[in-house]
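Every chain is named by a letter (A, B, C and D) in the order it is written, and numbering of its residues begins at 1.
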Amino acid sequence: MPLQTIDKGAIVRWLTACADSIAANREYLTKLDAAIGDGDHGVNMDRGFKAVVVKLSAGAEMDIPQLMKSAGMTLISTVGGASGPLYGTFFLQAAQVCAGKAELTLADWIAMLKAAMNGIMARGKASAGDKTMLDALAPAVQALEDAAAQVHSTAGALALSACAAKAGMSATEPLVARKGRASYLGERSAGHLDPGAASMYLLLKAAAETLASR
Amino acid sequence: MKKLINRAEDVVRESLEGFAAAHADLIRVNFEPAYVARRDAPVNGKVGVVSGGGSGHEPLHSGYVGMGMLDAACPGSIFSSPTPDQMLEASKAVDGGAGILHIIKNYTGDQMNFEMAAELGRAEGLEIDSAVIDDDVAVTDSLYTAGRRGVGLTVLAEKITGAAAEERRSLKEVANICRQVNSWGRSMGMALTSCTVPHIGHPMFDLPENEMEIGIGIHGEPGRKRLPIQSADEITAMLMEPVIQDLPYRAGDRVLLFVNGMGGTPLSELYIVYRQALSIAKGHRLNVERSFVGSYITSLEMAGCSITLLKLDDTLIRLWDAPVKTPALRWGI
Amino acid sequence: MKKLINRAEDVVRESLEGFAAAHADLIRVNFEPAYVARRDAPVNGKVGVVSGGGSGHEPLHSGYVGMGMLDAACPGSIFSSPTPDQMLEASKAVDGGAGILHIIKNYTGDQMNFEMAAELGRAEGLEIDSAVIDDDVAVTDSLYTAGRRGVGLTVLAEKITGAAAEERRSLKEVANICRQVNSWGRSMGMALTSCTVPHIGHPMFDLPENEMEIGIGIHGEPGRKRLPIQSADEITAMLMEPVIQDLPYRAGDRVLLFVNGMGGTPLSELYIVYRQALSIAKGHRLNVERSFVGSYITSLEMAGCSITLLKLDDTLIRLWDAPVKTPALRWGI
Amino acid sequence: MPLQTIDKGAIVRWLTACADSIAANREYLTKLDAAIGDGDHGVNMDRGFKAVVVKLSAGAEMDIPQLMKSAGMTLISTVGGASGPLYGTFFLQAAQVCAGKAELTLADWIAMLKAAMNGIMARGKASAGDKTMLDALAPAVQALEDAAAQVHSTAGALALSACAAKAGMSATEPLVARKGRASYLGERSAGHLDPGAASMYLLLKAAAETLASR
C-alpha cells in the first residue's frame, strides 16, 4: 500500500488547527515567555495565526505552495518579534521546496520541514541546544527521517515527529539560553521551558492530528 | 491593572492616534502598516534615518521623529519588534534619494525584522544601510547570548545620527557616525519595580518591597541579579562603575552623562542619581561636557533608571547641540 | 519604599544639587535659602516672574526657570509651601527694575507664605504684584473651602506670563495676562494609585487594585470620590465634561488642550486620554488649536492624569508659541 | 498671695518643651495630616521647632519679647506650608504684646494668646468651627479669661486652658473642614482630628507644664 499523501484540504485543516491550538495556548505561551522573555509570544503568535486563517478563507484558489507562502508572508507582517521572521521563514522555505506540487508525499513533507529548519538556522544563527524553537523542530525532523527509512505510515511518521518535538521541547527546560531574549538572563534562564519550542511543538502536534486524516 | 487604557489590543493604535493628533505640526502617522514619518518627508537629498522597535518605551522612537533626528519610526506591539512591511513602507516614505539608514537596537527580533525589510527594500531598489546599537554592559558574556542589548544609547545615537543626516552627509558617513556613537557609548540599568504589559495584566515579575533588580533591559525582563534595595548613591555606583570600566572611559575623556528614568520614577529622583553619577565621573577625572536627565527610553511604568556614558569629540558635540524639532526632544529651533 | 533616594531629609537638597549641575547653562541655584534663578537674572527692565511651591511636582516649578518663562522658582519641602525668606531672596535676585510678579497656586500655605514675602519685599522697596492660579473644578463648593486648587493650568500660566514679561510689558500688564489665563483655564485630575512621600515611607492612601480616585489634587490627597476603575475613554469623559461645563467653554471657542501625567503614568497612556479628550472637545465644537501632552506637573510617582483646557485668543497663542528655554520646556530657541 | 509670674527661664523651658513634644508626636501629627491633608505637618513642625531650639541656645542675651520674636521668625523661615506662617504669626503677635516686659503676669499671657489668636484669624481668614488650629486655641483663650476672672492660680489657669484646648481639638473630629487643604475633601474630612488643632494643643499643654513651674 502506498503511503498516504497530503492534499490541499489537509494543509488547510492543519493551518486552521495551528491557529486553534495557538489560540487555546495563548496564555500558556505568554506565561512561558514572561518567565524568561518579554511575555509577548502567545499574543503575537495568536495575532499572526488568526491573520493566517483570515487569508485562508479569502484564498480558496490557492494551491499548497501558495498556501504555505501566504502563511509565511502573513506571519512575517503580523507577528513581529523574533518569532515573526522565524516562523515566516519556516513557511516560506517550506513553500519553495514544494513548488508546483498539488499533493505532498511524506518525503515532500520531510524535505519541507528540513528546508524550514535550515531557514530558521540561517535567519537566527542558532543551533540545537541554544534553547530555541529549533530544539523542538530538529528532533522532529530527525524522527521523520528515521521513520521514513523504516517505511512507517505517513500518520505514524507524523505522530513520531510530534512526539520527538515534545521531548525536544521538554529538554529545553534545564538549558541556559544562548540565543534570543532569554539569553540575557544567563543562568536564570534555566528551569523554564522555551516558549518558541513550545509553540513549535504545538504546530507539529497539529500536523500529526490533521495532515494524515480525512 | 492600573492603566489608562481601553481594550488591551487597542493600546498601541489608540495611543498612536492621540500622538498623531497632538503633533500633527511635526509628524504624520500611517496606520496600515504603522509608521510615523516627519511631516516634510521625504527630504530631498538627505539620508533617511529610520528606527523602530516594540512599543512601551515612549517617547522612543516615535517621539524622536522630526527635523534633526529620525525621518521615520516603526512602532511594534508592546515590547515586540515591528514587522518588515512597516520598516519597508517607512523607508520608502522617507527616501530622499540619498539612501536610508536603519538604526537597530540589538535584539534578535529587531535584527531579523530589519534584515528582512532591508532585503525587501533592496529588491525594490532602495539603498539601505544599517547600524546596530548594543550598549548594555549588563550583558557581559555576550559570546553566549544574543549579544548586548540596545538601551539608553539609542536616544543619543538617534539624535546625533539625525543631525549628521541633516548636514547632508552621505549614507556611508551617516552610518559611520552612528557606529562611532555605538562604539563610544555604554549603559546599564536597574529596576525598583516591574511593569505590567496590558495584555498580560499583571507585573512581569515580582519584586518584593525591599528588593531591586540590577542589570535589567527595557522589556520588563528581570535583570542579571536581585539585591536588597540600597541607597541612590550606592545604586548609582553599581551602575556607573561597570559602565566606566567597560569601554573603558579614561581620565580626561570628554563625555555626555545621561541619566534615564524607566517610566515610573520621578524626575526629582533622577537628579539625585545624576548628582552622584557626576561625582563618580569626576572621581574618574572624566569631563562631563553634556548632561541629559529624563525619562527618554522607558519600560512602561517601571520604576528605576539607567545610566549612559558617551565619549565625545568636537564633532559629536556639534551634532548633539544641533537643532532638533521632534515631539519629545526639541532645542535650537 | 521603592525610591532612588538617600536619606528622606536630603531628598529635596540632593535633587536640587543634581538639577543645578545638570542645567548650569540655564539656571543657577541658591541653597540658603533655596531658590532657582535663571542664569542671566536679573534681566534689566523686565518684570521678574517668580513662582514656587512644594517639591514633588517636578518639573514644576524649577524646571520652568529660564528665558521666556520663570525668572525664579522657590522649592519647598515635599508637598509643603516654601517659606517667605526664599521668595523674598528670589524676588530680590531677579529684580530687573520693572517689578516682580508672584504666581501663586491657590493653597492656604502658598498664599500666606507669598503674602508674607510680599510684605517683607515691599518693606525693602520692591514692587511686587501677585496672581493666583485656581483652576481645579473638582473643588466645587469653593465658598466652603480654601477655594479651588491651582493645578495643571499653572504650567500654562507660567509659560504665557513669562512670554509676556519677555516682551517687556509692564508689571500690571504681565499680572493681567496671568489673571486672564487663570480666568480662561480649568482643570480636573484623577489617580489610579497613591504616592509615597519619602519621610512618610508608605502610600498616602490605599487604593485597591480595581478602584480610582476622581478629583484629586497634586499632593497625594485622596480626591472627591472613589469609583471602580473604568476605561480610559470613560475616565476622560469624567474629567472633560466638568471642565467644559465649568467655564463654560462654548462652541467655536479656540482652546489649548493639555493632558498631564501625574508622574507614574506612561506617556503612551496620556496619548490615549488625549485622543478621547480631543474627540470630546470636537463633540462640543471646540477648536483645539494647541496641544500639550506630558508629565509637566506631577505628584511624585502617582499614576493618573489631569486635563486642562485654556481658552485662547491671538495674544495668548502668540505668547504660548513664543520661544522658551528652560530645563523642562524648550522651543523656538 | 500674688499670682505667680512667668519669667524668661519659663519661656525657654516652654519653647524647649514644645520642641520635645512636637518631636515626640511627629509621626502622630504626620499621620493625622496624611488622613485629610498632605502628610507634612509633623515633619514641618518638627523641623521648625528644632530650629527654634538651636536659636535659643545661641541667644542667651534675648529677653522674653525677643525670644518670642525669634521663635516666630524661625518658624516662618523653616516650617513652610500653612502652619509656618500661622505659628509664625502666633509668636510674632504675642511678642508685640509683651514688648518691654521682663516678666509676664497671667494677664500678659492672656493678652499674648489673644493677640496670637487674632493674628492667626487675620492671616488665615478662618473662624472657630472651620476645623483648624483655631478650634484648639480659641477655647483655650476663653478658658484663660474665665479662669482669670475667678482669681485662679497661674498654674491652675494654664491647666484649664490646656484642658479646653484638648476638648477643642477633640471637637474637630466630626467637623467638615472649611479652611486649609482638608476642605478639599468635603464631607470626607469629617471623622478625623485636625492636625493643626492637635499641634496647637501640644503647645498649650507644654505651656501648662512649664510656664508656672520652677
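Quick note on the criterion: a residue touches a chain if its C-beta (ideal position, glycine included) is under 8 Å from a C-beta of that chain, and two chains touch if they have at least 3 such contacts.
None of these values were measured; they are calculated from a predicted model.
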item: Each chain counted as touching chain A and chain C at once; value: B
item: Separation of chain D from chain A in steps, with touching chains one step apart; value: 3
item: Farthest-lying chain, centroid of Cα atoms versus that of chain A; value: D
item: Chain B and chain D: spacing of chain centres that average the CA atoms, whole Å; value: 55
item: Chain A and chain B, separation of their C-alpha mean positions in angstrom; value: 33
item: Averaged-CA centre spacing for the pair chain C and chain B, given as whole angstrom; value: 29
item: Chain contact graph, described as a line, ring, star, complete graph or other shape; value: line
item: Each pair of chains that touches, named by its two labels; value: A-B, B-C, C-D
item: Touch list for chain B against partner chain A, complex; value: 33, 54, 76-85, 107-109, 112-113, 115-116, 138-139, 141, 144-146, 149, 197, 199-200, 204-205, 217, 219-222, 224
item: Residues on chain C engaged by chain B in the complex (per definition of touch); value: 1-6, 11-12, 14-19, 21-23, 55-56, 58-59, 63, 192-193, 209, 212, 229, 231-233, 235, 263-276, 278, 291, 293, 295, 298, 300-301, 303-305, 325, 330-333
item: Contact set on chain D toward chain C in their complex; value: 30, 34, 37-40, 43-44, 47, 76-86, 88, 123-124, 176-181, 183-186, 188
